[in-house]
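What follows is a group of structures, each given as structure tokens.
One chain, chain A, appears in both complexes that follow, with chain B as partner in the first and chain C in the second.
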Partner chain A sequence: MASVGKYVVGRLLQAVVLLAVVSVITFALIMAAPGGPAILYDPSITADEAERIRALLGLDQPAHIQYLRWLGNVIRGDLGTSYTLGLPVAEVIAHRLPATLLLSGASILFAVALGIPLGMLSAVRRNSWIDNAVTAISFMGMSIPVFWYGLMLMILFSVRWRLLPAGGLETDTVASTLKHLVLPAVVLGTVHMAEITRYTRASMLSVLHQDYIRTARSKGVKETWVLAKHALKNAILPVVTVIGLLLPKVATGSAITEQVFAWPGMGQLAVRAAYQRDYPVIMGVTLVVSVVVILCNLVVDLLYVYLDPRVRYE
Partner chain B sequence: MGWFGNRKRALILVWAAAALLGLAAAAAAQAPQRGGTFTLPISDDPPMWPIQGGIYNILVNKLIYDTLVRYHPETLEPVGGLAERWEVSEDGLAYTFHLRQGVKWHDGEPFDAEDVAFTFQVWMNPEVPYYLRANVSGVDRVEVLDPYTVRVHMKNPVASFPVLLGYNMSILPKHRLEHLSAAQLANPVEFLRNPIGTGPFKFGQKVPGSMVRLVANEEYWDGAPYLDAFVFRVVPDVDTQVAQVQAGDLDMAIIEPYHLDAVRNVPGLRIEEAPQVNHFYIMLNHANPIFADRAVRQALSYALDRQSIIDGLMLGMAQPATGPISPLISWAYTADVVQYHYDPEKAERLLDEAGWLRGPDGIRQKDGRRLSFTIDVDPHPIRQGIALVAQENWRRIGAEVNIALYEYNVILQNARSQPPKYDANPNWLVTPPDPDISTYYASGSPGNTYAYANPEVDRLLELGRATVNQEERARIYHEIQRILAEDAAVLYLYYPSEIRLVNDRVQGLAPVGYRDGLAWAHKIWKQ
Partner chain C sequence: MDNAEAAAEQQPSRRALRRFLRNRMAVAALVVLILLHAAVAAAPLLTPHSPEALNLLKRLRPPSADHLLGTDEMGRDILARLLYGGRVSLGIGLAAMGGAVALGTLLGSAAGFRGGWVDAIIMRITDAMMSFPLFFFLLTVLALLGSSIANIVAVIALTSWMNVARIVRAEVLRIKQMQFVEAARALGSSPLRVLFRHVLPHCLSSVVVSATLGVGSAILTESALSYLGLGVTPPAPSWGNMLNSGRSHIWTAPHLVLFPGAMIFITVLAYNALGDGLRDALDPASSRDSR
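Right after this comes the complex of A and B.
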């Protein structure tokens, strides 16, 4: 276990370097992009005023000075202040992150809860009508444009049938939170569910042909036990990879789904910040998301150690 | 009289009762009812700070704060706001504002001239980045004559000054902000957690990224609002806004013409068309030698089928535009200018006469230069549609026109470069209800994104700005409109109506566009 501890420490050190690299690249991209902070281009603003605002925000400094200033502040725990919202970036992110975690968490739960059983069913009943139906659904799920899908569900469930609210998030009661959560979680989860279904099916199929499965069956082990203990535990590895790739989205959110459902999350924040060139927010969001991605990858890698005894880290 | 007589009398009584009931119902239907919440969508989180811009910020500020001057809800003439009335000296160099008495800030403190003087200080402070600083560039100093009288001394006469003071220039509370430094005033974080103003609605609650809830200011000086609360919901996507109005979650949304088919004749909703001070145009970069040639500009204008744009893209919800001054500013507007009715043959003649002759590939050229340029446009369906129509129209008269897609942010930056970096661009302009367009047409002005320079127009613009007498001003601006139309400085397209999708229960909306109309939010009520 000591080796695992060393492994984790090593990964965390790597993470710091990785974060620095990501921040430099992001900053360079921001500086290279045409256009500037939206506040400078208001139709009423004079050239003098624009210059003054530019100086106040430190945008007249050379790029590397601006980056070092940002870095210095970050090390001291200050992520800066948003140009358009007027609030500290850390506060803005702290407000938006829970909403995104909620939505992404719910969508991943939905995707896993439906995807794994459907994938298993599909593999076990290969080439039957069940398999064909599940395959068709997963292909549709992967190809469907999220924007259209979200609006269609909204038109049906909110406008036509008045069953659910048309977007937004109100957390006064658990019931109201859940009601607002259903549609966007299903929309976001459908794509993930499709992916997980396909991966589970493929992985299960390859495992089900292994010798040890044939051995277990010939030993007379009950089929469900064969599936659960032997097949699933081994088939789950690639699926864990896929889930691991999805986990970082827990923090980034999906910009499109959040836009359509007016969900006050990180995705919407990132898109607005990008359009308005709200540099402190863009950098702050990138930093937070990078931290989450790195941590999630670490968790997934540690999960491998648990799931697959063949995996060892030096 | 017997049975028959009684029945007749009974019938008369029933008729009378019915008539009375009808009258009562009609009267009740007209009388505003108190109570209810009005929910309006905005596209982003508002800072609620009048020193910053942004349409979503401006809308919310109209309810929390007041300005010295307001615009009449139908004619947009300047009427009394926090200033009951004002006078201007004969030379136009001194404005005396008589402030309303008995007005209170939302925290109960009294409003007086010190607040106005303080606010002017903030506006004029060079260390505070203020996006509307141009509006006070003519101010020399502010004098407090007594607790309810303020005199503003001007460096030079600015005839539009009262109108400008009504353009989102909210008065700020001195007692809450005077201790802040200039850097803090750029963004007063603590104050903005619970902003106070003198406006018809008080700050109630804010859920970042989600909504702002304002509650009625029962002691508002122009009468307590009929509504209990006003909620601004952050809904960035227009289609989602439309869905929410249909679902009853929103009371109103501003929609585009292409939404009309889906929402016409939906029970419980109605569509309103409201005039606004806004015009759409295709701007041309005069720094490009092609567009420096007036004949080219005029020809392009004649070759453009504006009516097809109005009918096909705006679905009739717009009036053809003759110039940059909106007909809403009725005293200054004139239609007595050259109008470029669709006439492609005339366009071709103009180009031929000016020496732009068709080359072997059908594209016109003159002195070795081809009539070839690019329309920059942002990915909005209406503006893209305009670009496509223009491209097609102009191809027919021998111009080679390409279309390039850019983010709006980038288009703005390119347009405001000196010299501007584009060829042609469909755009729009929303201004205060005053004809002073110096910012946009005076040579060298930063808002003049077309590199247009006409010394006669410069002279008239300066004169119009300085002339206080409205009749004289009108004549000056009529002349300016004539020259701009003759010059085809930019290609004016249309004055768009604001199209509102409104819940039928909502009454009392000001009949002008909500950018100005929301200053009268205290008159809105719900059945």
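Right after this comes the complex of A and C.
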């Protein structure tokens, strides 16, 4: 399995390079921005105070010194201090990370748990009313704006019918956590469920036409066994790729969904920080999210090697 | 059917057109889009109200004879804001996609045609960008550089070119092999001329499909940014920021949120249906299974 080891190392190196590029780009963006942090725009501070604030925040050093200082801190786990909250960024992010992970995980679970069976069903019962219904739903699911969908569901379930809370997160009991989780997870997951459904269907269809399926059937193997063992195992491969591709989109979507449902996660944090020009926080969140996505992609790629022994990367 | 008619029937473009026309959803989508763009362009003709005229005495009114879709939280006519806002949202979507197509075609054809390290580098960049949560970068860039329309169009274009590039590259690789390209080279045409005159025209159908599907995505992105407050800023209307302002009133006046969101949904749905229909019509073999 030497080639697998080489592949893993290669991917890890790639990941490190990607991370470095991310940090440099983000930092460069901040340097290129016209103004300084919003706090310097306070009209009541004097030029003298502005100078001192600038020195305090380290904004008077040359760019590459600032970057290297920042990088050194990051590696030690220090992501700087939030300009607006006065707390260490790492602490703020750590505080909010679990909520985002919960939401992302739940929505991916929802998307996969519904998407794969629906896609399979759709493929097996091709051109039936089930197929048409599922295709229509997945089509709509891919076109709907997430925030509108969320607001509509909120209007229905929270305002009209008063079944579910309209946002936020209260974790006193498992039940209350779940009640708060349902709407955001469904909203975030629907779009991805639509994509997974489509891909599963397409993949299943192409697999079902293969010769070895016909062989199995003509040998008298039971239909369900044919489906489960042969078809699914091979059809699942592209679907795993799609799930991997989804991860950055889920991270993205979480920013919007969290805003709609006032979910106390990193997405909401990032949006607010963007407003307030809270640079350490923006950069921190971008970095953390990128790291998580890169790691997940790595896991997915490794899974690929396990699932399909034919795969050999240069 | 005489010989001339039979010959005309064989033309690929004719066949494609007939295939397209047989797809009722795609045709319906096209009609919807034409009506939509016409209505948005003709906004002043369709409503006497101005999209930015405040009237604090008439806030949050439901649809009525005078205000066909009601008024928003500042007393502005919603229909007017939808139409004028549509100009912004659709304009940004189309412009951003245009930019993405231009950039993607450039990079994709360079990668496919030149091959070698050019291809490797471009593909690496493409893959890297596709694996990132670009939305956070969008937020960062717009926060830093400001939310002018030009900036919004630029950042959306800069984060949407990858799909086009991949498709163009694949097509260029495929067509590069064909005999007429060899013939053109043998006749002495310069590589650039071969690319533009012979190879790229055959990529057109794939690019059109990709572009159509991409407009929907660009519109979704713009409205998401506006919803978060980092896109088009009020009082200028955009479908996204109308949802933002309406959000705090969903308890009392849900129509503020219903209408702009429905517009986005219908538009994106139509563009997606159109794109799907175009893909089926132009190359039925490729997407048989994905309908």
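What we mean here is this: the second predicted complex is superposed on the first by the 279 of 314 C-alpha atoms of A that agree within 3 Å, B and C clash if a C-alpha of one lies under 4 Å from a C-alpha of the other, contacts with A are read in each partner's own complex, and residues count from 1 in each chain.
The rule we apply is simple: a contact is a pair of C-beta atoms (placed from the backbone, for glycine too) under 8 Å apart; a residue touches a chain by one contact, two chains touch by 3 or more.
The structure presented is a predicted model; accordingly, all values stated were derived computationally and were not measured.
By the touch criterion defined above, A:Phe27 lies against neither chain B nor chain C after alignment on the C-alpha atoms of chain A.
Once the two complexes are laid over each other on the shared chain, residue contacts for A:Ala262 go to chain B alone; chain C is not touched. Of the two partner chains placed around the shared chain by superposition, neither chain B nor chain C is touched by A:Phe110. Residue contacts after overlaying the shared chain place A:Val285 against chain C, while chain B stays out of touching range.
In the superposed model, A:Ala99 makes contact with chain B only, not with chain C.
Look at A:Thr46: by the touch rule set out above, it reaches chain B but stays clear of chain C. Once the two complexes are laid over each other on the shared chain, residue contacts for A:Leu205 go to chain C alone; chain B is not touched. When the two complexes are overlaid on their common chain A, residue A:Gly167 makes contact with chain B while staying clear of chain C. In the superposition on chain A, A:Ile155 makes contact with both chain B and chain C. In the superposition on chain A, the residues of chain A contacted by chain B and by chain C overlap at 34, 151, 154-155, 159, 259-260, 275, 277.
In the complex of the two chains, the chain C residues touching chain A come out as 128, 130-137, 139-146, 216, 220, 223-224, 227-230, 243, 247, 250-251, 254, 257-258, 260-262, 264-265, 268-269, 272-273, 276, 289-291. Contact residues of chain A toward chain C in the complex are 18, 21-22, 25-26, 29-30, 32-34, 135, 139-140, 142-149, 151-152, 154-155, 159, 198, 201-202, 205-206, 245, 248-249, 251-252, 255-256, 259-260, 270-271, 273-275, 277, 282-283, 285-286, 289-290, 293-294, 297.
Those residues of chain B whose C-beta lies close enough to touch chain A in the complex are 44-45, 47, 49, 52-54, 126, 129-135, 137, 183, 186-187, 189, 192, 207-211, 233-237, 239-240, 243-244, 246-249, 407, 409-410, 412-414, 416, 429-430, 439, 446-447. Across the interface of their complex, chain B is touched by residues 34-36, 38-39, 41-50, 52-53, 56, 81, 84-88, 92, 95-96, 99, 151, 154-155, 158-159, 162, 165-170, 259-262, 264-265, 268-269, 272, 275-277 of chain A.
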